[in-house]
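Going by the order they are written in, the chains are A, B, C and D; count residues from 1 in each one.
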Amino acid sequence: MSFRHTIRRRVNFAETDLAGIAHFSNFFRWMEETEHSFYRSLGLTVHSVDQTIEDGRTGWPRLKASAEYRLPLYFEEEVEVELLVAEMRSKAIRYDLRFWKNPDDPAKKKLAARGELVVVAVRPDAQTREIHATAIPNLFRERITPAPPELLTSTSTTLP
Amino acid sequence: MSFRHTIRRRVNFAETDLAGIAHFSNFFRWMEETEHSFYRSLGLTVHSVDQTIEDGRTGWPRLKASAEYRLPLYFEEEVEVELLVAEMRSKAIRYDLRFWKNPDDPAKKKLAARGELVVVAVRPDAQTREIHATAIPNLFRERITPAPPELLTSTSTTLP
Amino acid sequence: MSFRHTIRRRVNFAETDLAGIAHFSNFFRWMEETEHSFYRSLGLTVHSVDQTIEDGRTGWPRLKASAEYRLPLYFEEEVEVELLVAEMRSKAIRYDLRFWKNPDDPAKKKLAARGELVVVAVRPDAQTREIHATAIPNLFRERITPAPPELLTSTSTTLP
Amino acid sequence: MSFRHTIRRRVNFAETDLAGIAHFSNFFRWMEETEHSFYRSLGLTVHSVDQTIEDGRTGWPRLKASAEYRLPLYFEEEVEVELLVAEMRSKAIRYDLRFWKNPDDPAKKKLAARGELVVVAVRPDAQTREIHATAIPNLFRERITPAPPELLTSTSTTLP
């Protein structure tokens, strides 16, 4: 049972903008990249190439996504993306994400951004092809568990 | 004084994912595209090529960005992105954004997603080059005003 | 029968990089955006949501894509993308693309970049699901024709 | 002196399109990602955060970029991107790139795509701010050398 996962990521040139920093939309791609890496670390995937296996047809659209930005990330800077399972519901999972600058230096490690991702399990109706929320597949439920509350303590940003 | 702006946008092939719908990260790019189009409609820009003009050096990083997704958008589907000024603070602006399917057919017009964007005016310190929140430039303040509260009524999504 | 199509496009903030110009990878997305807009102008599409219609299952992967860059494109600059049909083969179409700066001012109109796109019609094998090159669907062949040679005259870039 | 570099890359969800494969525009981002990783492996960078160091103001726009696609890449598939220095000119470098499927299994290793990238060293004119091609900085010239011709043997794709 796992509730935490991290990846390391360098800011690519194509991810910067004319302000010289990583464009804010990329943080959402990195959240998903970390989420999918989390699943892989547990032997899971959101999309099996073999669509005949059990749970193979469950989709995982995003219901909510949000980010708060504190410090810019620069070209070639290495960032650690930390994912924590904030909540397991019957059909949805809520993730808490943190983007860490200088991840290897405890004295300089700083929060660049925080994010939240709510993903929902869906299945297409056999006839209408419309998708409907469905119970989280057992393989996911057996391997994913919420993080201890003390890891999830939030620090919100005040508007200037 | 303006508080509302809309653009039309077709979902490009490169913006779809293997689930056959627009990838969720694109909504954040479309929010910003609408915001910048709003500024242009008022004769404003977040980045003047001529950096010597007044206000030319003000930057507009994002402080917060969030989205709630309700209905998928498909390849080549035309979506209307509607921006409303939700709040003008001394140094920040909060925008409310809505993504409309079938924008030309009142009977079929439906909300695909909602979003929020908080942007903050910043200026680099002349010496350290560090950026600091600063007062919203006058040109922006003179032309942008909050939308009437009745336009901003929120309808939040409940998790399944 | 058509052999030419143009779209107008403004450079979005997210498409710029830290060098302050449109990132080179975006030109490939704009080529495809223009190609698909060309098809729509002819009542065609590369992907019908209704997969039961004739030709609905034909896919159009890219076989080759290239670009030569001459002048940078800046944030909010309007560019005209011009597509010309360079060649119709039995199973593939080759397009010639040009990116024009200042498209409305004949005195200042300049070529920012040129590109080439070769796309091939494919169909999945019913059994193996592997895709194979197939004849261009009739609807495409009836409406698309090569541009007159004099429009395609090439001017190649020499390496510095 | 180095002439070859490889990176490993997994296809992210956001990089797939509705055809279920990596969108062709991503290959150009991966080429650049590999190029910049090559420089880092040699202690070089195309953009120093400290713009006061020697060579810090040299930019590296792309002059040409091209790709030929042979086999699709799927979600979560691991690809090896191989970069070879094809040519060192006075002001430009030409790279040959290959995208390998199943990179760890010699029996199943296959070419998914080939690419070419021509990058040119530029410096801004102190007065006009216009950029001009310039000699490749010494640090780059001392550490980068063309690959042996036998590594560069080309196999071109014929149109169907």
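Just so it is clear, a contact is a pair of C-beta atoms (placed from the backbone, for glycine too) under 8 Å apart; a residue touches a chain by one contact, two chains touch by 3 or more.
The model shown is predicted, which means the values in this text are computed figures rather than measured ones.
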| task | Farthest from chain A by Cα centre, which chain is it? Let me know. | result | C
| Taking each chain's centre as the mean of its CA atoms, how far is chain B from chain D in angstrom? | 34
| message | Averaging over Cα atoms per chain, report the distance between chain C and chain D in Å. | response | 23
| task | Check each residue of chain B and list the ones that touch at least two other chains. | result | 13-14, 18-19, 21, 25, 29, 32, 47, 75
| query | Graph of touching chains, which shape: line, ring, star, complete, other? | reply | complete
| request: Name, in rising order, each residue of chain B that touches chain C in their complex. | output: 12-14, 29, 32-33, 36, 40, 45-47, 49, 74-76
| message | With touch defined as at the start, can you tell me which chain B residues reach chain D in the complex? | response | 13-14, 16-21, 23, 25, 75
| note | Residue positions on chain C within touch of chain D in the complex are 18-19, 21, 24-26, 28-29, 32, 47, 59, 61-69, 72, 89-92, 94, 118, 120, 133, 157, 159-160
